[in-house]
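Common to both upcoming complexes is chain A, partnered first by chain B, then by chain C.
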Partner chain A sequence: MERRTLPGRLTWQLGEVVTTQPETARTKSITLIVPNWMGHQAGQHVDVRLTAADGYQAERSYSIASPPEEAPRVTLTVERLDDGEVSPYLTEELRVGDKLELRGPIGGYFVWEAQMGGPLLLVAGGSGIVPLMAMLRHRAAAGGSVATRLLDSSRSYADIIYRDELDRLVKNTTMLEVVHTLTRAQPPGWTGYHRRIDPEMLREVAWSSDQRPLTFICGPTPFVETAAASLVTLGHDPARIKTERFGPTGEA
Partner chain B sequence: MMENKLDGNAAAGTLQEIFPFEMTLAQVTCTGCGTTNVIGATAAYMHGMGTIVRCPVCDTVLIRVVHARGRYWLDMRGVRVLEISVEA
Partner chain C sequence: MSEGFFSRGFRSRRKPSDESGRLPPGQYLERGFPVLSAGPTPHTPLANWDFSIVGEVDQPKRWSWDEFHALPRETVTKDIHCVTKWSKFDTHWEGVSLDTLLAQVESSASYVIAFSDGGYSTNLPLDEVLGGQAWVVDTYEGQPLSPQHGGPARLLVPHLYFWKSAKWVRGLRLVAEDEPGFWESLGYNNHGDPWKEERYQGD
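The block that comes next holds the complex of A and B.
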């Protein structure tokens, strides 16, 4: 891995919203220009801080969806949690031209760079797709052809985040396969998986353990634990499986 | 806020408020079982009152961080050695 300068203690900085893009009924992408952005790796996250008029502050972590190649533009995809303190503001109130306080990039563990190779197995639950999308976008931007499979679990067809872009990536790049499972509702004629992720599904979709895939799993905690435990049962090396769980206090 | 099991990744922001390094690749050796893991591979519990990092093998509490009233409290009784790479 290339030598990096010391990141130093994290400091808050302001980004300006330049575009917003609804992804699904519950998720929205927010693209910011962050003037002093130091660059990032696919898979890293930022902390976002909101400050109320009375001084009350709330912080949440959000994965970066955009690839390093787009810096200093940084895109976050945020899922609205109805009882959340931060995500309703980000998805409903924030407008182009608004400033947002953030710090990052954060994390050096759950990251993938093209030169790390593969084969690459990505397993996403819901908005867990976000940091994995940064990896897929980085893979495409870097012109890489690392053999890659994405297993993407969504509630319904309409809840598939980045659905059209994933279709385009599959058509326009080589060695990429995307497999969807729809856990709650399926459109008429759906022939794909229609259940929660389980060992049988991973046995069918994941690379075999002797191909030693590099695996990134992101989703809600129970999803991540099921996926990781299933892969280990199938003989995959735990040291090649990296996980990122998210939940109510870390709306990834 | 409710208790919530996450990964060491989730504690990275808090730890990097204190340490001037990328901390998810820092290695911690557990006083409980002696295994060494990178912080990104540990388990983190985010409470309203603070952050707890636990050993992924034996569940020993490695690090507790509380940030309140303008100061940090850092309890590292579960860490035998903390190894930070300044090149990664």
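The block that comes next holds the complex of A and C.
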């Protein structure tokens, strides 16, 4: 595993919300201007801290969706968890003009920069697309042509996060392929995959192991376990597979 | 810089008092058991598994799986705290104390580097893994530790953030000079005390 040192100290900063954009029924993108943003790499996350009037605080981590090129604008895409403490506030209460306290960027391993090359294999489950979208946006902003494939698993067509932008990226950039699988419901005439990811799907979509793709997998734990284990079984080098998981064991 | 700031429209959800004293700053109580790993889950057959103590020791030490299981075992109940903000109370583990393992070697080292299958490592001061503070555990809630959670065996150092409790641990390297492990090289705090909220470099 390669290393990279991130120097400096992460202090809490206030960003101002400049736009909010619903992505699906459960997810919303929040764009902040963070005046002293130190820059980030695609794939990193931030800590967000909410403070109530009585001093009570709650902290959570969220992946950055925007590419480094948009700094000091930083976009987070947040999925609302019904029993959550922070995500309902971010998706339903927070509005343009509000301030949000955050610190980052955090995480120096699950990152991709254009000069790291490829081919690049991205495997996303649900809102696991968010840090991978930062990589695709960085790839586009850098004018890169690294051969890239995204396998994106969503519950239904309406649950595909960034659907229109992904379509545009495929049309407007070279060497990018996006494959969707819809696990619960498919629109009439859907000809794509309609099941959970499995070794067979990865065999069909992933680069072959002798092309040594650099792979990033993000999603719920069982999704990441299946994707990573499938690729290792197909002969991919575990050291070229980077993962980020969320949610407890056994969560669907 | 944001002293006095509060989040418009955010309401306090004070926890019952029995929880609040046990939750370090910035943490929330989690009922499940989230999994965080930087790469694919290793699956090392028990026949190939061993645990070793190497580095600045009089004589390196190595235990096979069966030899490891013949060592005196302890059961411990601990609260655990992950740097990603979740804490889990009263987790039950079974394994071998690092006091027992390290008693088998002579060393003047001051630091320990735990190393794992898959290339992971983490560094700890020696005096924070002795005196009933750290274990190599192979059993969680009465069941063999699953690979996702670090099985066949992981380190358990519950007084520090959980990335210090290295999954898939295969040994300890004793060193005179401290050296950062995997996450400690990638922006995370070198020490990781949850009660001091030592999450990242400079905290």
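Simple rule for what comes next: the second predicted complex is superposed on the first by the 240 of 252 C-alpha atoms of A that agree within 3 Å, B and C clash if a C-alpha of one lies under 4 Å from a C-alpha of the other, contacts with A are read in each partner's own complex, and residues count from 1 in each chain.
Following the convention adopted for this analysis, contacts are C-beta pairs under 8 Å (C-beta built on N, C-alpha and C of every residue); 3 or more make two chains touch, one makes a residue touch a chain.
Fair warning: this is a prediction, and the values are worked out from it, not measured in the lab.
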{"item": "Contacts of A:53 with chain B and chain C, given as first, second, both or neither", "value": "second"}
{"item": "First (chain B), second (chain C), both or neither touched by A:61", "value": "both"}
{"item": "Partner chain in contact with A:192 - chain B first, chain C second, else both or neither", "value": "neither"}
{"item": "First (chain B), second (chain C), both or neither touched by A:229", "value": "second"}
{"item": "Partner chain in contact with A:101 - chain B first, chain C second, else both or neither", "value": "second"}
{"item": "Which of chain B and chain C A:22 touches, first, second, both or neither", "value": "neither"}
{"item": "Which superposed partner A:117 touches (first chain B, second chain C, both, neither)", "value": "neither"}
{"item": "First, second, both or neither for A:35, with chain B first and chain C second", "value": "neither"}
{"item": "Of chain B and chain C, the chain that contacts the larger number of chain A residues", "value": "C"}
{"item": "Footprint overlap on chain A, where chain B in one structure and chain C in the other make contact", "value": "1, 3-4, 6-10, 47, 59, 61, 106-110, 221, 242-243, 245-250"}
{"item": "List of chain A residues in touch with chain B within their complex", "value": "1, 3-4, 6-10, 45, 47, 59, 61, 103-104, 106-110, 221, 242-250"}
{"item": "Of chain B, residues touching chain A in the complex", "value": "1-2, 4-10, 12-13, 16-22, 24-25, 38-41, 46, 86-88"}
{"item": "Contact set on chain A toward chain C in their complex", "value": "1, 3-14, 47, 49-61, 85, 89, 93-94, 98-101, 106-110, 221, 225, 228-229, 231-232, 238-239, 241-243, 245-251"}
{"item": "Chain A-touching residues of chain C, taken from the complex the two chains share", "value": "1-2, 5-14, 26, 28, 30, 32-42, 84-85, 118-120, 146, 148-149, 182-183, 185-187, 199-203"}
